[in-house]
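There are two complexes below, and they share chain A, which is joined by chain B in the first and by chain C in the second.
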Partner chain A sequence: MSTLAQPKRAPETPSPKTKKVQKEVGQDRAATSQGRWAFWLISPALVLLAVVIVYPVVNAIIMAFQKDQGLDPATKLFVQGGPAGFDNFVHWLAQQCGPAACAPGTLGSQFWSAVGTTFFFTVVTVVLETVLGFWMAVIMARTFRGRSALRAAVLVPWAIPTAVTAKLWFFIFAFDGIANKLFGTAILWTGSEWPARWAIIISDVWKTTPFMALLILAGLQIIPAEVYEAAKVDGASAWQRFTQITLPLVKPALMVAVLFRVLDALRMYDLPAIMTQGSNNTTTLSILVVEQIRQGFNSAAALSTITFLIIFLVAFIFVRFLGANAVASATPKTKGQEK
Partner chain B sequence: MNTRKYLLPAAVAGVLAMSLSACGGGGGGGTASSGGDAAANLDGRGPITYVQGKDNSNVVRPLVDKWNAAHPDQKVTFKEQSDQADQQHDDLVQHFQSKDANYDVVDVDVVWTAEFAAKGWLQPLSDKMSIDTSKMLPATVKTATYNNTLFAAPQTSDGGILFYRKDLVPTPPKTWDEMMSMCSIAKQNSIDCYAGQFAKYEGLTVNAAEAINTAGGTIVGDDGKSSVNSTSAKAGLNNLVTAYKNGNIPTQGVTYQEEQGRQSFEDGKLLFLRNWPYVYNLAKTDGSSKVKDTFGMAPLPGKSGPGASSLGGHNLAVSVYSQHKATAKDFLTFMTSEETEKFYATQGSLAPVLSSLYDDPALVTQLPYLPVLKTSISNAVPRPVTPFYPAVTKAIQDNAYAAIKGDKSVDQALKDMDTAINSASQ
Partner chain C sequence: MTAVSIDAAPKTAARRRERLASSRTYISAALIFIWCLIPFYWMIVTAFRDVGYTFDSTPFFTHFTWDNFTTVFSENLGNHFGRNLLNSLLVAGVTTVVALLFGVFAAYALSRLEFRFKFLVLGFVLGASMFPGVALVTPLFQLFTNIGWYGTYQALIIPNISFVLPLTVYTLTSFFREMPWELEESARIDGCTQGQAFRKVIMPLAAPAVFTTAILAFIASWNEFLIASQLSNEQTKTVTVAIAYFAGAQAHQEPYTAVMAAGTVVTIPLVILVLVFQRKIVAGLTAGAVK
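After this line comes the complex of A and B, so read on.
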């Protein structure tokens, strides 16, 4: 962890610098007593967080180790299942229903395909959104008439609730919908595997690219114009300016944006749930969790714990190898924008 | 410094991810299981609460007002839930799990009754609590019965109806094969022949169950075990598979829920439509409907006579945690009385459960589909009455969908359905 974070390009990024300044101030004695004060001031918030976050999560994990209720053959009533050990986890990871493999049509049989679908959606949508978002940000960073109007307009897809977006695109991609009429095609967008997946990707990209664009735009705007002027004087081409100046300097903001989108995409629920009901291989992990809740809470708790671990792992790898310092320094800046 | 660096992002990731995790467990409350005391409070009288989904056609409020006027000391409070079935279900589950005594009388979808009964949440309607079901259509009573005990009072019903184009097909088909042979008429007019609800959702369970039951098959036997891997079930599902393959069910049929089929039918683009009675009013009155005067209604086509419809509708149940069960029972009787049923039918287009009302001339003039609906409901088979309904319907949907789309042979689909239903019901 530390080895990679050490040789950071600190002088280039402005934010780590401010951080260092804060650190020096923090050594002050007055600040130490201030710190003690601060602890007491934030402790109510910590207690609240423990109640609303730690308790449910711990409870979910405990539930994951309980068997689901079963039917008592004599009374035909449900009875408590008792401790399950790791059975619930084995059920999902090994796709075992009892002694045999889960039959198609059970939720257990869909775990790995849901993992695959979730990662597929995540990779494709985030890549597309990053590229398109960057492109939009670069355009919006230029000075032209009506720039603020454009910036506001761009936010519209992001402002629409996802469920509404999903229904909107559901109608667009209906068999008699606009998409087929426009292109003169007869594609079963929501009724066959690859069209359904692309329909969902298109909707997601439409919805979240503006979010990406605005985060990147914020990063672009802290790059001083003088840097570009200097580079121009030194004869750097447009491409060189982009790769040598823009990319490294915007990286902290970019990484935050990508990280948030990755975490968001890994939890994707509304779009596939509304557009395809998870049919045709569009069931994501979140859809699986919700369907399982209706069938048994304890298995659902195990599944959501697994999902949590997967997301955590992805976030960890991401932060560890791609941008540890970027996130640490840039997070406070984005807090207001995260919804 | 370095640990902090990784802790912060990890915490951000963790909080985001955990909000999902918490969702999984949140509804839980791993403690709830055994129900309340079914022998307690049987003589309790006093104010009660009635809970049901959104009262869209404003039929519940007048009835509650009427009851309250007559019973000032045993007032009923009406609690309206959302209009989404899933949310209603989850709301009921949460209140039952917390043993809430404030939900006295609840409205349950026919397919939830067995689950709630097996959880011990519903008051058995026997002995002191027993109600008279002799005048009700038998299939509706079956949906309210679990483990040979009546757990709810049938309140409204619903059955599938075949809507057809009178102008193109003067006499409606009586059997499935007859209907398929009439598809040439659709072809001549270059419209689609037949559609039901074949998207992968609850509607597909309804349609697949109808196909299977019509051919003489069953999905779940009386012992609660799957009985779907049979020759007659195969014949039934195969009817749908063949029709989709040869185009009698249009390609886009696998994306149809109730509304898409209705729109296609009202646009005059569909010869036969399997749907619920609600289509009647809309097809008659919608400005955009092109078939206003040219559509007819018939029972679902079967093997040799009327087909077996799946049953929709709602039952009324008394919570086992209620403290005023005597009042609750009286309210139940009031809400399923002939007068109420009539009011429901005329004001809310809700199908009655009392068989006599289907022959009431005044009602039939107002709701011309009643005789057809009666045939439909008297031939109806409830969807599997099992406490594991969510798993069973999923097994049916997934496999029937794969079979219809041709991703799987009918044999394989039914074999998988069989295994999936049995593994879910353990």
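After this line comes the complex of A and C, so read on.
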């Protein structure tokens, strides 16, 4: 009965907040008063975010166009700074220290290798995590005894702080550690280039695959069971059901998960910083920025701005091309399946 | 009824296939279980192992000792682990409270009210959550050094808020969207004032979502390393930083057992929290991503 009374009484209430009122009183007045409410509710968070993110970023961009104070290599005199134009960016992108190329071993000479390392880590970890995460999600989506225990167990690696994860795997990959004992090897895991890279990759895969699996699992659970039953009746094989139903339908959720992971991997810092301190070609862009801070704020700011632009660009490409395609290609295929 | 005898053969085959499939599921589940928990188990075994047997490869609790935990909390080696724990609690606690306070209002507006630029605001929040922390380190390092905040608690809390607040807003928004808001309207019709309806009907309904978000925010903040490693000093160092640079009795020798003990101390509360609120946490983690 109260639902019947509702539209009649609603206009008398002064509240701007109920949707039905909005329809009755008139779109404009309700929308503006809701807007006013929304403004007061949202602005604290936005102001806070602007202060803690926008201000530092704008500051970093300004810093990036200034000279570091320090000794001028040409005159050997102390210089105070001042505008630098694009010098800081050229320093990194062309690996130029003054007029000459940066000497091997200096931070300036490591930009492109750090870009390479970062992208290598990103591609390898995200591919491994997507494949493994998908497999885990498919298993977790099945009904069997102990399913909730399994879902709890996969949260454990996710909950452990990355710093602890790094130390734990550093111990596992120690020379006398359990990894070498299990495989009967004598590898200096964190002491040489490729083993160190793989040690970092394995630690990252261990830590973040569960997160990936949970996101994919959530996507899987949206697919109605009837779709599978209909396909089964029509005689689709398990593989066909996977490629024709599961993959296209889960694609949007999968793309979001992959995007999260890619952006996370591009800013990877903790694992390599703790496990190898960036030695043996494991320096990521984030590590390079942090090391550069000790040598000069302004060139570090330029590097962090470049890093930010790279990540932004990758995110943009993802959303623009892959994301759009994912949604577009998912829709017609599922329609065809249902017919 | 005669069909039964004809069907019998395929039925057992089907059942056999089903049993095979379910045993495959169990084997896979066991593999995932082992993969996720064995390294964690290894940390705990090592944490309780005598230093002399650090690299013992027996997978059981042998040479059991509590010494490593004493080492972790002793101040003789220049570590201040107890203090680091308090620092982490303070930083993560304040960050969580502030992020929730601001996040709840924003999420309420984003999920309940119609207004212009809503999409833009959501995009900004999502973009902020994907923001690389390293882009903040440099300007904040300089700023905090200049104004004398280097090594203070606020120097750790403010950047943390920038990571945690977007997460809070996003998670709460998707939680709030699913709440039965009609109840608020019915309460109003039954004579509640707007404030009463909010307090008596909506708040209790929203409490679990807010609580879940608080756990996620706390874990995210507790696990933060990059900012804390750059902007804290001896007094304000958090546990993650302390563990990364833990000093042992001998120079140049990694105090593995003590570090594993420290890791255990830091991790166990989180793992318990996660196991107890497993369902809610999974819901919170996946809330923003799928819808």
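The rule we apply is simple: the second predicted complex is superposed on the first by the 277 of 339 C-alpha atoms of A that agree within 3 Å, B and C clash if a C-alpha of one lies under 4 Å from a C-alpha of the other, contacts with A are read in each partner's own complex, and residues count from 1 in each chain.
In this text, a residue touches a chain if its C-beta (ideal position, glycine included) is under 8 Å from a C-beta of that chain, and two chains touch if they have at least 3 such contacts.
Source: prediction; values computed, not measured.
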item: Side-by-side fit of chain B and chain C on chain A, or clash; value: clash
item: Partner chain in contact with A:42 - chain B first, chain C second, else both or neither; value: second
item: Touching partner for A:66 - first (chain B), second (chain C), both, neither; value: first
item: Partner chain in contact with A:106 - chain B first, chain C second, else both or neither; value: first
item: Touched partner set for A:305, first chain B, second chain C, both or neither; value: both
item: First (chain B), second (chain C), both or neither touched by A:297; value: both
item: Touching partner for A:237 - first (chain B), second (chain C), both, neither; value: neither
item: Touched partner set for A:185, first chain B, second chain C, both or neither; value: neither
item: Per-residue contact with chain A, leading partner among chain C and chain B; value: C
item: First, second, both or neither for A:263, with chain B first and chain C second; value: both
item: Where chain B runs into chain C (options 94-102, 148-156 or 364-372); value: 94-102
item: Doubly contacted residues of chain A, that is, touched by chain B and again by chain C; value: 2, 5, 53, 56-57, 59-60, 63, 174, 176, 263, 266-267, 286, 289-290, 293, 297, 300-301, 304-305, 307-308, 311, 315
item: Chain C contact footprint on chain A (complex, rising order); value: 2, 5-6, 9, 13, 15, 17-18, 20, 22, 31, 34-35, 37-39, 41-42, 44-46, 48-49, 52-53, 56-57, 59-60, 63, 135-136, 139-140, 142, 144, 146-164, 166-172, 174, 176-178, 181-182, 206, 210-211, 214-215, 217-219, 222, 253, 256-257, 260, 263, 266-267, 269-270, 273-274, 285-286, 289-290, 293, 297, 300-301, 304-305, 307-308, 311, 315
item: Residues on chain B engaged by chain A in the complex (per definition of touch); value: 2-6, 8-10, 12-18, 20-30, 33-35, 86, 89, 118-120, 146-147, 199-201, 224, 251-252, 254-255, 260, 263-264, 387-388, 390-391, 394-399, 401-402, 405, 408, 416-417, 419-421, 423-426
item: Chain B contact footprint on chain A (complex, rising order); value: 1-2, 5, 53, 56-57, 59-64, 66, 69-71, 76-80, 97-98, 100, 102-107, 109, 174-176, 186, 188, 190-192, 259, 263-264, 266-267, 276-280, 286, 289-295, 297-298, 300-301, 303-305, 307-308, 311-312, 315-316, 319-320, 324-325, 327-328, 331
item: Chain A partner contacts - residues on chain C that touch it in the complex; value: 22, 25-26, 28-29, 32-33, 35-37, 39-40, 42-43, 46, 54-55, 57, 98, 102-103, 105-106, 108-110, 112-116, 118, 121, 124-125, 128, 130-143, 158-159, 161-162, 165-166, 169, 184-186, 188-190, 194, 219, 222-223, 225-226, 229-230, 239-241, 243-244, 254, 256, 259-260, 263, 266-267, 270-271, 273-275, 278-279, 281-282, 285-286, 289-290
